[in-house]
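Note that the chains are named A, B, C and D in the order they appear, and that numbering of residues resets to 1 at the start of each chain.
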Amino acid sequence: MTAQEIAAFLADEFPQIDGDFEVVSVSAKEIVMRLPVKDKHLRPGGTVSGPSMFALADVAFYVAVLANVGPKALAVTTSCNIDFMRKPAQTDMIARAHVLKLGRTLVVGDVMLYSEGMDKPVARASLTYSVPK
Amino acid sequence: MTAQEIAAFLADEFPQIDGDFEVVSVSAKEIVMRLPVKDKHLRPGGTVSGPSMFALADVAFYVAVLANVGPKALAVTTSCNIDFMRKPAQTDMIARAHVLKLGRTLVVGDVMLYSEGMDKPVARASLTYSVPK
Amino acid sequence: MTAQEIAAFLADEFPQIDGDFEVVSVSAKEIVMRLPVKDKHLRPGGTVSGPSMFALADVAFYVAVLANVGPKALAVTTSCNIDFMRKPAQTDMIARAHVLKLGRTLVVGDVMLYSEGMDKPVARASLTYSVPK
Amino acid sequence: MTAQEIAAFLADEFPQIDGDFEVVSVSAKEIVMRLPVKDKHLRPGGTVSGPSMFALADVAFYVAVLANVGPKALAVTTSCNIDFMRKPAQTDMIARAHVLKLGRTLVVGDVMLYSEGMDKPVARASLTYSVPK
């Protein structure tokens, strides 16, 4: 699926999150997503909340799964391990997702999260999705 | 801190999440929190979203940290590992948080998540918080 | 499978680890295994090595899988998350394994690791096994 | 520390594991270690055991910590999350370790594990080490 097809699919299937995330680019090697950071994502001190970062990592890897297996709305997260490493800036956040294993039922990979304009990652997540046959 | 003190502290320090979560009970052994499930937490098929469950686990363990070390707004999540095991029901969700290690800088524990009325857990999370000295 | 059947199965199928671990008890609720700690498991300062603890958690959860699904030698670990929380003593180690989700292909659960004679856990692991159909 | 200094340090401080692992290369960007696979690392079917892979990931990240903070024997693993993605071959295994966050007390990073001669990773681990001040 292309970036445009995926954006249309997300808008159709997940109207609740429509507009929260942007598909920046889709390639065989990497998916890039953006979280436009708004007040609702912030915590005291101007930091982006952990659940907002989890949500970004989760949707970015979901898009990576879609890009590989096609429009399967019922792919679900089975596990996520996330390390929060640095305080995010008050800028938009960028996720870079990579598929490491495309199995028959399980897809495994990782996502690096950045505050736009910072070189070093803010968080790193490993995810496993289960894909219906 | 008591359940009431913690609820007041959350309302003061985290106005963004005020009303999203309820402190059910606080004891030395276990913290119980509730997520009153609303439309914004749902996904197609009536399931509670992964980020909503992550947020519940995260705040429940934060409350467990507060109950042990007092009102430290700046305690932050350093890592979380979450396994999504069953499809949640469309009922409220309950989190049961336990501290396993109360160190000088790191607090480690786990949280079991249930759909109210179901015996078996929907998800299980392990969390580590860093607490400022 | 009973504790005796499992011990015989391990000796047959995994001669490499025969004698390294003991099946203490097997019930529907909990599997208990023991690691008789020897010189090869120790590190400077008398602490039990991380890989020894990982191996104990892994075999304890494997036995929990066997107890639930029968003698499937080809069940394999797909993921493990382990938190090392306290310095172990120089005594034997005890693992307590629990199955939280028995799915058609994935079995999810946790293992608490103790130094014999200590109340508080030394480490906590979450594991997922994949079971062939 | 250089590869030679690290190899000498490991031989001095961890005589139990001497000869089990080889330091292939050390740079600011990546540490490469090798596990010469022997009978004791194998399981039925010729696969390398999970604990052997955990041990390789753990020592590779320990070396990455040493390379960054100097000879601190007392750096300890606080957590590890490992995904086993493919069946390893019966060849030596290679670990590639990267530091993502070098904090005052915690060092966070990841390790990719390969069977020599295979392009795709066999396993991926995220590790956190605690370093004494």
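By our rule, a residue touches a chain if its C-beta (ideal position, glycine included) is under 8 Å from a C-beta of that chain, and two chains touch if they have at least 3 such contacts.
Model, not experiment: these values are computed from the prediction.
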item: Most widely separated chain from chain B, with each centre as the mean of CA atoms; value: D
item: Chain pair, A-C or A-B, that carries the greater number of C-beta contacts; value: A-B
item: Proportion of interface numbers common to chain A and chain D (over half same, under half different); value: same
item: Rounded Å distance, chain A centre to chain C centre (Cα mean); value: 34
item: Centroid distance [mean C-alpha coordinates] between chain D and chain A, Å; value: 28
item: Averaged-CA centre spacing for the pair chain B and chain A, given as whole angstrom; value: 22
item: Set of chain C residues in contact with two or more other chains; value: 78-79, 81, 83, 128
item: In the complex with chain D, residue positions of chain A that touch it; value: 81, 83, 85-86, 100-101, 103, 108, 110, 120-121, 124, 126, 128
item: Residues of chain C defined as touching chain A within the complex; value: 78-79, 81, 105-106, 128, 130
item: Of chain A, residues touching chain B in the complex; value: 13-14, 16, 39-40, 42-45, 49-52, 54-55, 58, 73-74, 76-84
